[in-house]
Every structure is written in C-alpha cells, then in structure tokens.
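Consider the two complexes below, in which chain A is the common component and chain B and chain C are the respective partners.
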Partner chain A sequence: MSASLQRGINAFKEQIDAPVASFFSSCVRCGLCANACLFHTETGDPKYTPIHKLEPLRRVWQQNYTFWGRFAKALGLSRAVTDDELGEWETLVYDSCTMCGRCSMVCPVGNDIAYMIRKMREGMAAAGHAPEGLIGASQRAVTIGSPMGVKLPALQAQIRHTEQETGLKIPVDVEGAEYMLLLSSMEIMNFPEFIGAIAKILKQAGVSWTIASEAFEATNSGIQIGVSEIAAELVERVVAAAEKLKVKGVISPECGHAYMAIRWEGPNLIGRPYSFRVVHIMELLDELREQGRLKTTGKESQRLTYHDPCQVARRGGVVKQPRNLLNMVAEDFVEMPETGTMNWCCGAGGGVSANERADEIRLKAFNRKKKQLDAIRPDAIVSACSNCRIYLEDGLEEYGMDMPVLSLTETIAEHLAGTEQTGSKE
Partner chain B sequence: MTETELLLWVRGPALQVATVIFLVGVAVRFIEILMLGRQKDLAEARGSALAGGLRTIVTRSVPDRGTIQRSTFNVVAGYVFHVGFFVVLLFFAPHILLFHEVLGLNWPALPTPVIDATTVVTIIALLAVLVHRVLHPVMRFLSRFQDYLAWLVTILPLVTGYLAFHRVGVAPPPTLIAIHILSVELLMVVFPFTKLMHAVTLFMARYYNGAIAGYKGVKS
Partner chain C sequence: MSKDETLGEALRQQGISRRGFLKFCAATASMMALPPSMVPAIAAALEKARRPSVIWLSFQECTGCTESLTRSHSPTVEGLIFDVISLDYHHTLQAASGTAAEAARETAIEENYGKYLLIVDGSIPTANPGYSTIAGVSNVDMLKEVAKGAAAIVAVGSCAAFGGIPHAHPNPTGAVSVSDLVKDKPIINVPGCPPIPVVISGVLLHYLTFGAIPELDSLSRPKAYYGQSIHDRCYRRPFYDKGLFAEGFDDEGAKKGWCLYKLGCKGPTTYNACATTKWNAGTSFPIESGHPCLGCSEPDFWDGGGFYKALSMPTEDISRTAVYAIGAGAAAGVALGALNRAKKAKATKAHEKVTINDLEKGN
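Entry: the complex of A and B
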C-alpha cells in the first residue's frame, strides 16, 4: 500500500464515529436518496446515488469497526480499498456532491449522508485525490489569505470606491467595535456593493462594526477540500483578529459554506469555544428588524422568490429570517416548490464552483433549479450567498432564462427608510 | 427423526440457539456503534440536540412530499410490507400465545381472516419489492448479495406460515409448523449480520441525524 493511500485510509478511520457507524448499519439500499440529489435526478445515472458516493468509506468502516468485517478481513475474505478506487470516486465525492444535505433530509432510516461526505473528503484529500481546483484554492487561502487570491490592497480599493460612492466611512481595524464583518472573495471581487449596503444598514441601526485587515476572508477552502488542518488555520485567523479587536460578534456574510465554517465547524476545528458570537448577516438584520432598528420604506413590485443557500438554511438553521426580511420589501414574494430546508441546491456549493472539471455536470444539474423556477416564474431571485448568486446567473444564462439574481442585504439597503434610493424598482 | 421430534427440536434447542445468536449479535453491533463515540460539539447551540434527535426518530417515518411523488412505489410498497409484517407477527393469536409464554405479556389478537389477508398482501408487496429491486436502475445498481438474502429470510416466515396455517403441501402439519419456526430462526440468525439490523439501528441513525440538525436549530 502506498504511503498516500495509507494516509487516506487512516484519515477515514479517524473520521468514523458512532453516527457514521449507525448510518452505515442502517442503510437498506432503498435508493430514495437518489431522487433527493440533483446530480442523479438530472442525469439519471445510478452512480450519482448519494449513498454510493460513500462506498469506500463504508468498506473501511465495515472492515475495521464491525466484528464480522474484521473476521472476514482476518481471513482475507474482504477486498481492501485501493488507490484506483479512490481515484474513481474522486469525481463522485467532489464534482457531483455539493454537500447540500438534501439526501440527509430524505433518507428514511435517517442517514446524514452529507455529514459523511464531509468526513470522506478528509480521507480523499489525505490520499491525494482532491481536485486540482480545490487544491489551488486551498493553497491560495493559506498563503495569500483568499481562495481567489484577493489581497488586502484589492479590498482597500473596493473600500475607497464604496466610501466615495456612499459617502460613508468603512471602518477598518476599529478596536472595540460591536461586530467584525467578514467578506467572501466573491463579494469583494464581484459584488462590492454588498459592503456599501451593510454600511448603510448598520449606520441606520446604530451598530458599530469593523473590517479586520488581518482577517477579512470569510470563506474556508479547508472544509470544502476536507483538510481540517487548513480549515482550522483559516478559522484561527478570524478568531485571532476578533479577539484582538475585542468585538462582541463576527458577521458571516452572504456566503453559505463560510457560515458553516465559522459558525458551526469553527469551534470544533480549533478545539475550543469562541469568546464572541457568530451571526449570519440574515440573522443580524432580522434581529435589528425585531428590535425596530431596521426600517424600510416602499416595496419591490416585481415577483420575487428566495433561494435558500444550503449551508445557511438546511445545514445552518437560518430559514425564517430571510423570509421576514424579504416580506418587509417585497409585495409579491412567492416560494418555490420544495423551499426552505428542502430547497434544491444551485449545484455549485461545497467546492464544486472552485472545481472547473465539474462545470459540465454542474450546469446539467442546474436543470433541477430551472424546473423549480419554471413552476412559479418569478421576475427575480433573491438569495443570501454570493456563490449561489454567481452560479444561479451562470445556470440561468446557460438555459436562456432572463432573471436577475439579487442580494437580500442589498435589496434591504435599497429600501432603507430615510435614504434616497427608496421606492419601487422595476 | 420423527415429525414430533423435529418439532420439539425446532421449538427447543434450535430456538434457544437462534435466540442467543440474535440477542448477542444485536448487542455486539449496538455496542460496536456506541463505542466509536462522538465528539462534543463546541459551537454555541441554537437548539436542542436531544429534542431534535427524538423528534426525527418520529418524523422520519413520514416521507416528504417530494419523495412521495418521486419514489411513490418505494414508499407505498415499503410501508405495506413493513406494516403487514409486523401486524402478522404481533397480532396473530398463536404468535401472541408464544409471546405470552416467553415475555409474560398479553394483548388482543386480530381475527384470523384479517391476518390471513394481511399475509397475502405482505407477500405480494415483498414480491413486488423484489421485482422493483431487480428492475429499477438505482436499486439494481446498489444491491448486493445480502440485499437478496435479507429479502429471502423476510419472506420465508410469511410463506411458510401461510402454508402451515392452510396445511398446504406434501408434509404433515407438524412438519409445516416446524419449517415455519425454522424459517423464523433463520431470520433471527441472519439478522445481526445483515442490513436487517436497520430495524434496531435506524433509531440511532435517526436520532443522530435529528440531533446534528437540532443543535443547529434545524428540523430534519
């Protein structure tokens, strides 16, 4: 056995815990998870059945953690997982799974399949079977501080630009601010308006905040590729900056996996609880709304729907907040069929968007989103994840659908009471 | 071995051995899972893991609407054979007598014609499930030897029970009963080593699923 394969198998073994063992013990091969996965429903290929994507991990569990499996292994009756097999599984685990967790909601015996895919990626990466795109993103995240290679000067340029445009000061490295805002590289490069929108809203609400020049990146390629050491290092940077600036809270921006990384995985990755709270921007805005500190005026007259980012809603628990917010500013808010925790993924989460090799299947799987949208025919889609937004736009273009994809934070900011840009927008 | 000797052996030593293998096997599997443990979650909770876990144990019995629409056959046939199997196992008067003997518990039986009809429906559902497994691309792709083995040992007690009750077949009635009991013993022996274990472990799996989600404030 090669050293890298051994590392991979060892990582699999380390990842197997009681939930994983109970899940594998319970699978009856009913195949229901296949119909919960957009990569299967849109291709019809059985190999995209979610539970099948875990087959090598299942064998490692069976051969090492069950009496019968150990017995068979000792007698040489079982087949060990090979490097070739892991190579074969690479595209199943990384290209055709966004860890959206829809299968985990459907499995009749209760298997949390996405939980296991996350774990399986630790072994895949250790065995050297992670996609080039994600390896590159992770390396850039560690060395440059951003998976897309966005450096501080780029952020500073966007900050200057935002300040000129809004006339508002964008606070950087302000000690004692209430909140520290994280941004995804995607927002910095593609949606810099997000920074201005936050500035306006938090000014109206009277919330003090800051961006940390030492830790502004919200995304975490470590959890996407499945290398906990990298993921932990990226979390540590945020924690160090938050502690240095003595903030009470950290705001996770409009990004799905960033929220998963910093809110739910972070403390477990670094092995200790935080001294501050972490909120998704939707949670913060909804709290401000409840406290009467967020006031809007006018409503969008166009038919709007909300696309739940998987890691924010199904895997993150932020479901009602965006709806409360959208109802403040939308006259005609319609839900897609199978919404909220049962929403269909955009197809680009969980590192798929950083993996060019997956482009073709991602766009094929987008047909599921198209069907969902066709059922209600909205004028525009609102979401709270810039990665979802970019790839919704990409998919819409591919399928010849003309539909803007908006940021919920920006939509709220456009309707802030007491600002110039209120009123209905066509 | 005479008919009577066979029946006595099946009801005596064979049943004892099967029961021991079943109980010890299930216990070992159960302990194997729990021994692996689980790390404490250090993230600040939004909801209760315990409440979420208990909730999902119950709610996961009802499929979501999309699954009902997209996997209608699996849902309907699956429900029919599971419910049918347990109705026949638990509410046939002679079975209740046995449970009373062993466990000291007693409960009312269903009328025999109801049990008879349920048995037929369950057998048909299981046959349909097998055909579906062989024909459906996903299920055929996922299936291994033990999926067919588990199917066989599940349908055998139903078929042999039906034959014994109706005294059908070449063998004399006591032998038919003995064959029926043997088929149940086969089910018990195979149970801990196959996916039949899901009847026990699904409660753990659903609990963990619901607890992981519930901690984050998600109803799964």
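Entry: the complex of A and C
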C-alpha cells in the first residue's frame, strides 16, 4: 500500500478532533501568529504565517465538518484539496515549521497551532508528501533503531572510551536500577562526553542508573514526520525495555523533541499509562540539587546565556530548573531579550534538521537568534538539547560568530565538587 | 416696546442691572461649555442684538413644552429674554385671536422674510391633513409656508424633533417630525418631553449671540446640552460602578439611593442635560427623586419596551420564539454533530496502518 492523496485526506478527516474544530472556528484572522514565527519575521513572506500553513487541513475541516462548508461543497462552490496543493504545502509544513509552538503562545483566542501542524503532518505523510530526509530517518529509526543509523556497537565503543577516560563503570542492562538513561544519536556520535558527565554526577548523587542495549535511542522520528504508528512503535521499545529492567524512572537526555515524545505524547500514542516516571535530565538534576545531592564548586567567569529548547521549555514546562542549575556554576548569567517560554527556536527542531532541503531557509531564520545574541553579546551559549547545540553552532558559523555552545549537564559535571576537574574554567 | 430696541436697552428698561446681565452671560457661557473669555463677547453681542422676530407654531402637541418654558422659574432673566424677543405669533401666549392672530403671522413673515426664527412644537400628521388644522390650514401646509422664509428652525420637544408620542406605535395620524418634512433649512432639535427650560433659552441665546446655529450632534441636537449621557453625569453612577442596584422602589437599595438601572433607567442611552442643569430652578431631576430616567429626549422613547424594564432586557416578549429557536438550534447541532461523528468514525475505519514502506508515493 503506497501513499496517496486519498489516504492523506482520510487522515486529515481522522485527525480533526474537537480542539482542531474549535481552533479553526475561533480563528479571527488577526495575523498575530505571523510575527511569532521566525520563518516569517526573517523572510517577511506572508506565506510563512503559521495559520496559513494549515490551509489544506482547514479546508478539509470546513468542507466536511461545517454546515456552510458542506453546503458550499454540495453546490460545487468550494474546491477540493488537490495533490498539487499538498505538494505546495509540503515545504511550509515541514521545512519552515519547527513545531516550536511560539505561535500558539501569542494567539489571542488560544489556538494551539503547533498541535494542528503535528496533526496535519499525519495527513501529509499518508499522502506521500513528507520530505525525503525525514522518510529516510524514519526508516532507519524503525529498521536500525536510530534515525542517524547508530547501531549498538557504536554505542558500546563510546561507552568503552568513556570508561577509560573517566575511570567509571557505565552500567548497561542493569536490572532494578533506579533510572534508565536514553540518549540521542546526536549525543552518541557528536557529544559522547555527555555520557561521562552523567556518570560522574549520578555517582556523586548516589543514583543507580543504566543504559538499555535494546532501547537506548531517545529520539522519535515518527513524531517529526507525523506517523503515529511509527511513533508508537518507537515509544513501545523504550517502554518494553524500561519494564524489563524494572526501573523506576526514565531519563530523557539533552534533546528537545525526545522529551516531548516520551514524556507527553508517549502514553497517548501507546494508549496506556507508564509504570515508571519520565524526567528530563534538567528536572532530575534540579531535584538532586534541591535534595542537596548535587554539589558544585567554582564558577564560570565568562558571560553565559541559556538557550531554551522549545520542546523542553515552551512545550515541556522545564524553564526554572536549568536556570537554577546554571546559577550554581555561572558568575555572569545573562538572559536573552526573549527567553523561557517565549524563546526563539534555533530553527532546526521538529524534523527540520533531518531535512537537508530546509538548510537554506533554516540558516536564514537563524538571523533571529543572531539578533537575540547580538543584544547581550555572551561569551558562550549553554543549552540542554544536542540538536539545538549542533544547529546553533552551524548558524553561528554561517553568520561568522565565534561562540562556543555548551551542554548544561557537562558544564555542571565540570564543576562537580570532590572531583579532580574542579576549578574555574578560563 | 419698540422693535428696534436692542436687547441691552430692553433689559435695562425691565430693571435688570448690568451686573445681573453679566452674571447671566457668564452662566450662559458655562452652560454652553464656552471658555470664560467668551463672556464679554456674549454680553457685547446680546447688548447690540436687535430683537429678532420669532414665530412659534404649535402642531400635535400638549403645550407641555410651552408650559415648561413659561412656568419654570419666573421671573428670571431667561423669562425676560423671551419678553424681549419679538414673539410675533404664539397660540398660547398671544393676545390676539382669530383673523387678527393669523394676520400677525403673515405680517411677521412679510416684514422679516429670510430673517425670522421659526420655533415648532408638536408633530405633524401626514396620514390625513385634516387631523390637525389651524384656522383651516393644515399643519403640513402651514409648516411649509412659514419654513420657507425662516433663517433657521428650532424644533422644541420630542414631538417636533422626532415625532414623539403621536409618532409612537401604531402612529394613527402618521405623525412625523419637522426634519422629516423640511430639508432645506438649518434645523436645531431640542428634544425632551418637555425640554429643560434653560436649554430652550440657551439655544436661542446662542443663535442671538453668534448669529449661527450651535454645534450639533448626529441627531441635530446642540452638543452643549446633549453631548453627554445622563448616566455619565449621574450622581448615582458610583453605585452602578460598584454593582449596587435598587431592585424595587421600596427596597433597601432604593432607600439607600442606589443605581436604578435594574428598574429600567434609560440614563445610559439618553443624552440630555438633566443630571447637570436639573429642573425647577436647579432643584432636582427624576433620578434624584427616585425614578428611573425614561429617556424622553431620545427618538422613539415611547416604544422602548417598557419604562421599568432594564436596558439589558429584550424589548419584546420573545420567550416563545426563543424556545423554538433554541430547540431548533439544539436539534440542528445534535444532527450535525452526529453526522460529523459518523464521518470521523468512517475515516478512522478507513485508516490503513502507515508503515515505513508507505511513506513514498506510488504510481
């Protein structure tokens, strides 16, 4: 069975629920969402107005679920959504939307536009209008276990490397551990130091943990492409491993959408509650700090700012925790002009980073982040999402800005009390 | 009293001192919301004003407007002003009757053609001209004839301004206002049932002083008197803002002087000077006496759906219609909802599992 317009339209009809219907009928066409979207502000092109990205879905709603829409359709006064139209909208829905949800924050009638984009992608994928990059990532996620094609041996190599470097044992498949750690492929391949940082911090705090060889991947391509079946399958793998190892909690690593997938969408996707709790690494570290189990010494003297990953802060509610943690180790912590739940996206979330076609528009939209950084001129940026970090670096390079992008977990680990690596970093 | 006498001369003959005259000018300036610097200008203009000829026509009316004006607080400066204008024709007040009276009107028109002021009270019947005639001339014909040579027309009272009570549903005489019939003359509406006496005299004074009609609102009412709502200037307004309302005419709220909104007060939609100028030489106004405003200076106040119904209540009894409408709406909603649910269920049923092999488009 291959993708087709018919399947796509059917998926639209299926996805339209009470919130979507009320959102579409409440929209007052004020256009406030336009200036909340970095793809609109940095291009000035009205086609990037967030609510406009939903036009085909809105038409399907109107023609199928409203009185006047049905009436107009019966009289042949309103056109049906065509395959060409979906093709045209593909770049709007996937390339120029990171599902960052900033538009949902400013909507005066409370429409959750990001929620609708997520639903619209279900129909787009079923109609065969998902970007090649995301299709490939989804296929790799299902067949290999990682969207970047990272296999277990690669992880094992990084674990060995980390054990040699830190002298700490990295627990794998330890039944009865308190927490099971998930990792994003990005961390395994680009930021393996993250594993060592976690090991050090959790050792100091006396928290038992493990990595599951059967489900170490935190990311979920199914959510980004918009196929709930694939998303559910990926969540099921994590749930099965966590239940098998009888852990009390699952740690979502420094990754934005992974947290949203496992913490918020997961139970709905699989249709049952978890037997364990899910925490973002920032939440866990802040809990440990509160309990006095996380102790640091020394402070970073350089001027630091914090980039909120959209799915962690705006969509996930983890706003205070990273700031509490950063204040432990930063002497000069400055906030960007718009921050927390109103932070601007790095431009690469929601599957944009897996979609090479979007590179040009993504880098253009990065100008928004540049403006934010220019306003405060920090020495370095700290974040809690490896995808944000990679693409912040990419954007900074594009705009000729020299600024390191740090991991908050790693920064905390460097200042951990009672280890050799204490002291201020110059 | 000669017609060529100026107003100043006439006032001094009447025993009005210069000081009293200036006080009156100052009061007039403040009432018309003019700056104090205008007082000497008013005094100077009035001193020199030739007494203009005024023709007063009364049609379908109750004489309440004339009563209001003449009986109010006499003898006052306003009263004297009326003595000193040349009131050449007025049914109720003139001494002449019959042919002599009509001759006076005709003479005034002839001698002051294009310069006299026409004041009208009462509405004009159009269903049958015979419903109201004066000396065998229908109201419509008389209005048209006298209006032709007038410099301006003042429609005094709600009947002349908007049709008033004769115009109320079902309007058996086909009553209309002056502005419905006369289109080519400046018309000042001074509505009210009746209008406040000083408002009538103030409008005339403005005309005498400046030789032009005052600034008017969309209903041709002088803004100086009709610029603000009763509600905005009401001394009970603080109770409205606090949500303290009298619920009956003898309850605790009424005794405490709370807002009369719930008892049908039309203050919020009525524009008039009652709350500031007040009645009976500034004694009080209806709300101060514990009665809600009827809205008598607004068009169609008589058909507003009941004087004691709060403004927020529908004007007509719509309960039956409402029940049917709600029933029909609910039924349509349930039906549409069921249709939508069926459609969505169908879509869910038609759903085929999307796997990684289904993401590419087939041929």
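Note that the second predicted complex is superposed on the first by the 423 of 426 C-alpha atoms of A that agree within 3 Å, B and C clash if a C-alpha of one lies under 4 Å from a C-alpha of the other, contacts with A are read in each partner's own complex, and residues count from 1 in each chain.
By our rule, a residue touches a chain if its C-beta (ideal position, glycine included) is under 8 Å from a C-beta of that chain, and two chains touch if they have at least 3 such contacts.
Just so it is clear, the model here is predicted, and its values are computed rather than measured.
J.: Taking chain A as the common reference, can chain B and chain C both be placed on it without clashing, or not? Answer clash or fit.
T.: Aligned on chain A, chain B and chain C clash with each other.
J.: In the overlaid three-chain picture, which partner chain does A:Asn111 touch, first (chain B) or second (chain C), both, or neither?
T.: Only chain B; A:Asn111 stays clear of chain C.
J.: After the superposition on A, what does A:Ile135 contact: first (chain B), second (chain C), both or neither?
T.: In the superposition, A:Ile135 contacts chain C only.
J.: For A:Ser4, using the defined touch cut-off, is the partner it touches chain B, chain C, both, or neither? Pick first, second, both or neither.
T.: second
J.: With both complexes superposed on chain A, which partner does A:Ile16 reach: first (chain B), second (chain C), both or neither?
T.: In the superposition, A:Ile16 touches chain B and chain C alike.
J.: Would you sort A:Asp394 into first (chain B), second (chain C), both or neither based on which partner it touches?
T.: neither
J.: Which of the two, chain B or chain C, is in touch with more residues of chain A?
T.: The partner making contact with more of chain A's residues is B.
J.: Is A:Met342 touching anything from chain B or chain C once the two structures are fitted on A? First, second, both or neither.
T.: The first partner, chain B, only.
J.: Of the partners chain B and chain C, which touch A:Tyr65 in the superposed model: first, second, both, neither?
T.: Both partners, chain B and chain C.
J.: Output the chain A positions appearing in both contact lists, the one against chain B and the one against chain C.
T.: 16, 65, 67.
J.: Quick check on the complex: what are the chain C residues that touch chain A?
T.: 332, 336, 340, 343-344, 346-348, 350-356, 358-362
J.: Given the complex with chain A, which residues does chain B contribute to the contact?
T.: For this pair, the touching residues of chain B are 28-29, 32-39, 41-44, 46-47, 56-57, 60-61, 63-67, 70-71, 74, 78, 136-144, 147, 150, 193, 195, 197-198, 201-202, 204-210, 212-213, 216-220.
J.: Which residues of chain A touch chain C in the complex?
T.: 1-4, 7, 10-11, 13-14, 16, 64-65, 67, 125-130, 135, 138-139, 142-143, 225, 227, 229-230
J.: Which residues of chain A touch chain B in the complex?
T.: Residues 16-23, 25-32, 34-36, 40-41, 44, 46-47, 49, 51-52, 65-68, 104-112, 115, 263-268, 271-274, 277-278, 314-317, 319, 338, 341-342 of chain A touch chain B in their complex.
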